[in-house]
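Listed below are the structures to be examined.
Both of the next two complexes hold subunit A, though its partner changes from subunit B to subunit C.
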Partner chain A sequence: MTSAPNSTEICVELKGITKRFGAVVANEDVSLDVRSGEIHAIVGENGAGKSTLMSILHGMQLPDTGHILIDGKERIFHSARDAIALGIGMVHQHFMLAPSLTSAENIVLGYEPGTSLKSNTRDATALVRELFNRFDLQVPPDTPVRELAIGAQQRVEILKALHRGARILILDEPTAVLSPEEVETLFSRLRNLRSSGITIIFISHKLREVMALSDRVTVMRRGKTVETLTTSQTDQNQLADLMVGSSVSSDGKPRPVPASHVRESMLRLQSVQSPTRPGNSGLKDLDLDIRRGEIVGIAAIEGNGQSDLMEIAAGVASPSAGQVFFKGNDVTRLHVGQRRALGLAYVPEDRHRDAIALDSTAAETFLSTRRPKNWIDWFRPAMSAADKARIADLMQDFDVRPADPDVLCRSMSGGNQQKLVFARELADNADCILLGQPTRGIDIGASRALFERIWRSRDKGAGVLFLSADLDELFSVADRIVVMFDGRIVSELDPQSAVPRDASGFMTGAAHAVL
Partner chain B sequence: MDLIVFITSAALAYAIPIVYAGIGGQISLASGDLNIALEGEMLFGAFVAVAATYFLGSPWLGILCAVIVGAALGLLFGILIVSLKGNVFLVGITYNFLLAALTVLLLGMIFGVRGSFSSPDLIGIPKLPLGTFGDIPFLGSVLSSQTYVAWFLIPVVFLWSYVLRSTPLGLRIRALGDNQEAVRSAGLNVDRMRLGVQIVCGMLCGIAGAQLALGALTLFSAGMSAGRGFVALAIVILVGQRPWMLVLAAFAFGITDGIGIKLQQADVPAQFPQMLPYAVTLLALILVALRGHLRTTRRSR
Partner chain C sequence: MPSFEPVPFRLPAGLVEVLATFGIIAVIGAVTLSIMGASPVAAGLAAFHGTLDGTYEIAGVVALSLPLIIVGFGASICFKGGYYNLGLESQLILGAAAGSIAGYYAGPLWSPFQITLVLVCGGLAGAVVAAVIAWLRVHLNVDEVVSSLLSNYIVILFAIFLATYPFRDESRFNGAMHRILPSARMPTMISGTELTWGVLVVVAVSLVLFWIFHRSKLGQDWALMGRSVTVARSAGIDVKKFGMMIMTSSGFLAGLAGAFMISATQHRYFANLALGLGFDGILIGMIARYRIPAVVFWALAYSWMLLAADGIEQEVGIPSEFAQVVIAIVILGVAVRIGLLQWVRGWRQRWFKSSGTGSLPAMRMFSANREGR
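Up next is the complex of A and B:
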């Protein structure tokens, strides 16, 4: 359990903040107070206005009305630099790092030691090492950040804020990209930072993490702050109710038992291999059979071949050896478009890289996976009025906000982009559904709705491959869990009898099971 | 041995403007807004240097004017791409055509000549006296015919190399080209940095032009940059952010140019040697592209 903050002095106070984007009200009369030296969580569903509020606090946006008080003094931030000068640092969900520069260079960027021409950036390395020791956060200083694991990149972001003299650290969905072990490490480091007097504002929608880490929690719903509670005096169910505004607990209904027990194979990978690369084990002679009417969950720490597995199953990448069978036919040589035509749906892990084009509209994104069936199709308009109407209906159905087919993907929030991808992939009742980290960045309501659909598809006979970094989620959704380590399947667990803790040992390679 | 002296001299004459413009190109490349108007800015710099030297009577003032006009051209380029959000390639193409045409127009308006302008009153950039070093066999005659601007290139390359690798300024420029958002979130003024980069690039192209028109020769002729700006651009794309590789590559191109001139004097059709530097550029680009292609195919599974 977390200890109570040793001070009740308020270091950040927001009063009556309202921010509109056109007709959309992102924040309405929001008030928030954060005490010095506490870990203050802000929870809310996608689009509840958490990120907007934090970008106001970090000087990236100006509020339309309202006041920001830092240490009791009213302040107006015209740029991030103003906020930084007052000791407010931000760790963005999408890291603001220059990928080909080293960790040390990224950390000191903009706040280098010395003046712009007189000093040598090699001094930076020494300075950064001092920072490592002071806050007990380690990263290799001379490695380009693109070669670092996600967790290390995040540490670079945190160190960057600390180097700039942050006393108040805002972390926007910091655990969304981390494996369970990395989350644990992050939390212990955040607690250390709190002990050294840093105030932490932690944005999340994972209630378990909020309960584990925070001292106090503020719930936001539809642009407003609903309530601020002391974490030790509340529980997940109460928070979930406040977040969604009705009585829906996060644990919700138990997982329905599969309706059918047909053992027919849907997607089978046979002796599949892929090359080992830095930070990625590749696949080493992996066999996996996903049968009709089952959800197979994959538990693995990043870099143990699970991404290769998804991509090879989808036909985005080809295996260096081995075969892939779909409904009994060898599809190893077929690409993803051809496999889709046979009834495969694919939600890629990296939404921005593989699932949507940010500068296209929702409708274009929707139709981007459709392939011409015959030569006439090549000459038809890509989008008919009927297509558009259907897309609008589906967007409504999947609760994509705004449900407007002409809206640009770039202007949608991450959670809504993901829901758009779900709508596209699940609309056609595919026989086999591949889900790569589908709930990354989406809220409980949307995850719940997704799982309901997945269970329905499964009960109609679809085979589902489900990759998630969240073990609780895997165990509550999947019918069978395979644990991968170092490119191999090291264990298979039944979520009815096993618990998430059982999987962690196998995921780190600490335990070995004989299969 | 005369041949080596000849080719080395020709190579230096060819390479030095390319390195100046190329450093401008490297700065712009590092900052993420590769300026493809090196050719146009260099040519215009050559014209300004000649005109100013002719009217003001001093090549030093000629160089100064070329640098100032280069800075102004760079500032305008920056405003077009940063403030007015113009596409960096379209603005670059426009600059190349516009500035080339403008020199022809001004040549007619100011000097009343077509094609080229030369005058006994036009003083070239003085050559650095080497004293006894000029007596070194072969090398001496090459080195003693180099201008102050040519020698000045050495500290410039050292300085640029140091700034880019080892100073906060260089770090910020590299970060700018890598991820603008990272620079913005550090609270730095991205727009002002991009403008500054284009101004410096323009100034370097101005010096390149001055050396071109008042270095080995003292004249201005329409289109006298003859693709050097594009060769510089190609080299920058090939070598990326490595200043000394730029020098090396420019000298290598210079040597092919020197060989070309010699071949022209022999019994080879004139078009063949003229083609040489561009053929080499093309070949080098193909090789680099192939290497990059091999690397990516090996990486993708």
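Up next is the complex of A and C:
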């Protein structure tokens, strides 16, 4: 599938790297070697230590012990600038771009041609054009970055690293923000870069992508490197086993459920509308019915109204027209707190914006959705000893690490923050569960555990609305797939008979089968 | 290989804060006084005599701090909820005017009842002003920082108008209201001092607010509003109602502080009463980082510094304006202490090993090599 690296010369070698943050060991005796001109994937669950290892390699953290060898020479990085000087570039998961500057300006930022007092714009543009041609990466050079699509912004990030002379490129979860088409484009560009001699370190927890792209793959688990394998000699199942340390099968197709039309409606949206905004189509007269005991998956490309749908279903936003019914009652005018009291659970799409406040403790986060029933409840203690014990138990149960109710959310990894949100939302056995991108940034083990719970709730009669950007995941979890395009439902698919490719045509608006 | 993290002995954070603050005050004060050509020892003694040497002096410090504590609470709870009510100054003054009116025109009534009436009227006056600003913010999205700051001019001039025309005491030349009835005045606690039994009101308010903001469900949701409005909304909190409540209650406390001054010490409202007190309260709220017990502490410390400056002026002859410069430096230092600490830590991390004992980069390289073998 991929050509073998043309050289076995080792350009990056990490030996015995250990890094502790207080009592937490992020990396323990990690060793890694990356060959020149290969695409080397690093896979592992959340908190396996991938990001820490890469920030050490990029000079943002100092290891407690261990050696970094670049081209066989031991180096110590005091800052990212030291790493950049040796040709190590990093493309962060959250782009570090100035939105109001043009792509050319962003690419040369900090390393502008010209003197330190006066930078030379004409030279910069010429330089950037040369980069475009050399690496076959095209972006409009004079467009402000905020007007570019996510995929183009990512190309700007890559070009920025290349402009700084990177020959070793670290990509931290580069596909997390991309649509399936953009992922394909990125991969072909990365293969091009490899053929021009750039070494690529690719961090991911999506095994399908790792299999498709990499030459070799290193698996990390709990801060240690478990094994380095040649990609062509392994498969997804073996990698998954190594990542979680136990055998999990990757095809967990749920047993089929009886047809949904005989079941009563749990959550129904009727002729719901929301306004069109820049980058968001809004909703255009949308009808959707989620019945008892079914999981409805939503497939859509970012900005086609699926976020509005989630917020209106949850009661965080109100529709500009139309009604929402919950168990047959009109709840259009009830806000999310009142709907929760009726048996709704809501995992928001944007964790940091909507689900948890980083300055709250785990227990405060957990209790934030508890609504007082009468005025005296406001003045009762926010948390009893029994509450605290229950929260600790639930955190254990949902595998939130550390399972300490007093820990600040800020100090937990993203995956553990998300598991805390699951624990909060799923603890009370809700009748209707709204899941917005629940597995974004969490690992296979945690997603499996979540889906097991969701299937169990579904079997007990809950209705589930499941929004995910990962079509494979959507097709393996949902009972019914609804495809949205431009604020409308354009197709409905049965995951038993359809495959993810069927959905992507409708998602881009290429195929038309308006129901 | 096993690792042993040494567990360093740590003083309670609050105590460290207090000791460090007074250490800084002593050093900066001593240096400034030396530059002025005065003896730091003599000045220190003067500060002690003026503020802590005897019941009269201590009572003075406490009496001065009481309205500051209340308005400091007003600032704290509002900032804690993520709203910036910079109109506390004028809300306090309007509260004083309203309390003054209630203390003269209503009654005479049974004294505890009339004192309560004065305090509640003052609080409501402040609350009404804050509620208008809150409404503009919540429903029309008018930035409350700007609107509350500018409201100060309007509201203060309105209070002066009240004292100059409709409620003026004709026997006085300038704009001043009538002296409130004796039944509206708080009884003196220690004779010969300004300390009244109103201290009990402040203690009660402190306890109630401590419970609400450090224990109760209301306080937890209130803090969540300040941390993230969007998270609060998704948690089911009615953010509009909460926004109104946060601003209005801070206005109530500011008004209460004004009426408290009338009932306890001033006994009448007049133009230029209590100018700057609201901003002092904002300062105290920020230094205390919105914690109720810390507000009490910093309000006392602030009053102490003001009176110590007076003491130094009287005994050593250093103008109290210079002492205020010292106070300003100290407050600046306290306010930025978190940032300073982080800066120092970041600097240390850069040059010393980040965990365990500090060692130079060269030593780290050496030890890394040794462990590698």
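The rule is short, and it goes like this: the second predicted complex is superposed on the first by the 468 of 515 C-alpha atoms of A that agree within 3 Å, B and C clash if a C-alpha of one lies under 4 Å from a C-alpha of the other, contacts with A are read in each partner's own complex, and residues count from 1 in each chain.
The rule we apply is simple: a contact is a pair of C-beta atoms (placed from the backbone, for glycine too) under 8 Å apart; a residue touches a chain by one contact, two chains touch by 3 or more.
Computed from a predicted structure; not experimentally measured.
Applying the stated contact rule after C-alpha superposition, one finds that A:96 touches subunit B and leaves subunit C untouched. Of the two partner chains, neither subunit B nor subunit C is touched by A:197.
In the superposition on chain A, A:359 contacts subunit C only, with no contact to subunit B. When the two structures are aligned on the shared chain, A:165 is found in touch with neither subunit B nor subunit C. Residue contacts after overlaying the shared chain place A:308 against subunit B, while subunit C stays out of touching range. Using the contact criterion defined above for the overlaid structures, shared-chain residue A:328 touches neither subunit B nor subunit C, since it reaches no partner. Within the complex formed with subunit C, the residues of subunit A that make contact are 15-16, 20, 22-23, 62, 64-67, 76, 78, 314, 316, 335-338, 340, 346, 348, 353-360, 364, 367-372, 377-383.
Subunit B meets subunit A in the complex at residues 163, 165-172, 174-175, 178-179, 181-188, 299-301.
Within the complex formed with subunit B, the subunit A residues making contact are 60, 79-82, 84, 90, 92, 96-101, 105-106, 108-112, 114-117, 119-122, 164, 274-275, 277, 308, 311, 317-320.
Against subunit A, in their complex, subunit C makes its touches with residues 3, 5, 211-212, 215-221, 223-224, 227-228, 230-238, 350, 353-356, 361, 364-365, 367-368, 371-372.
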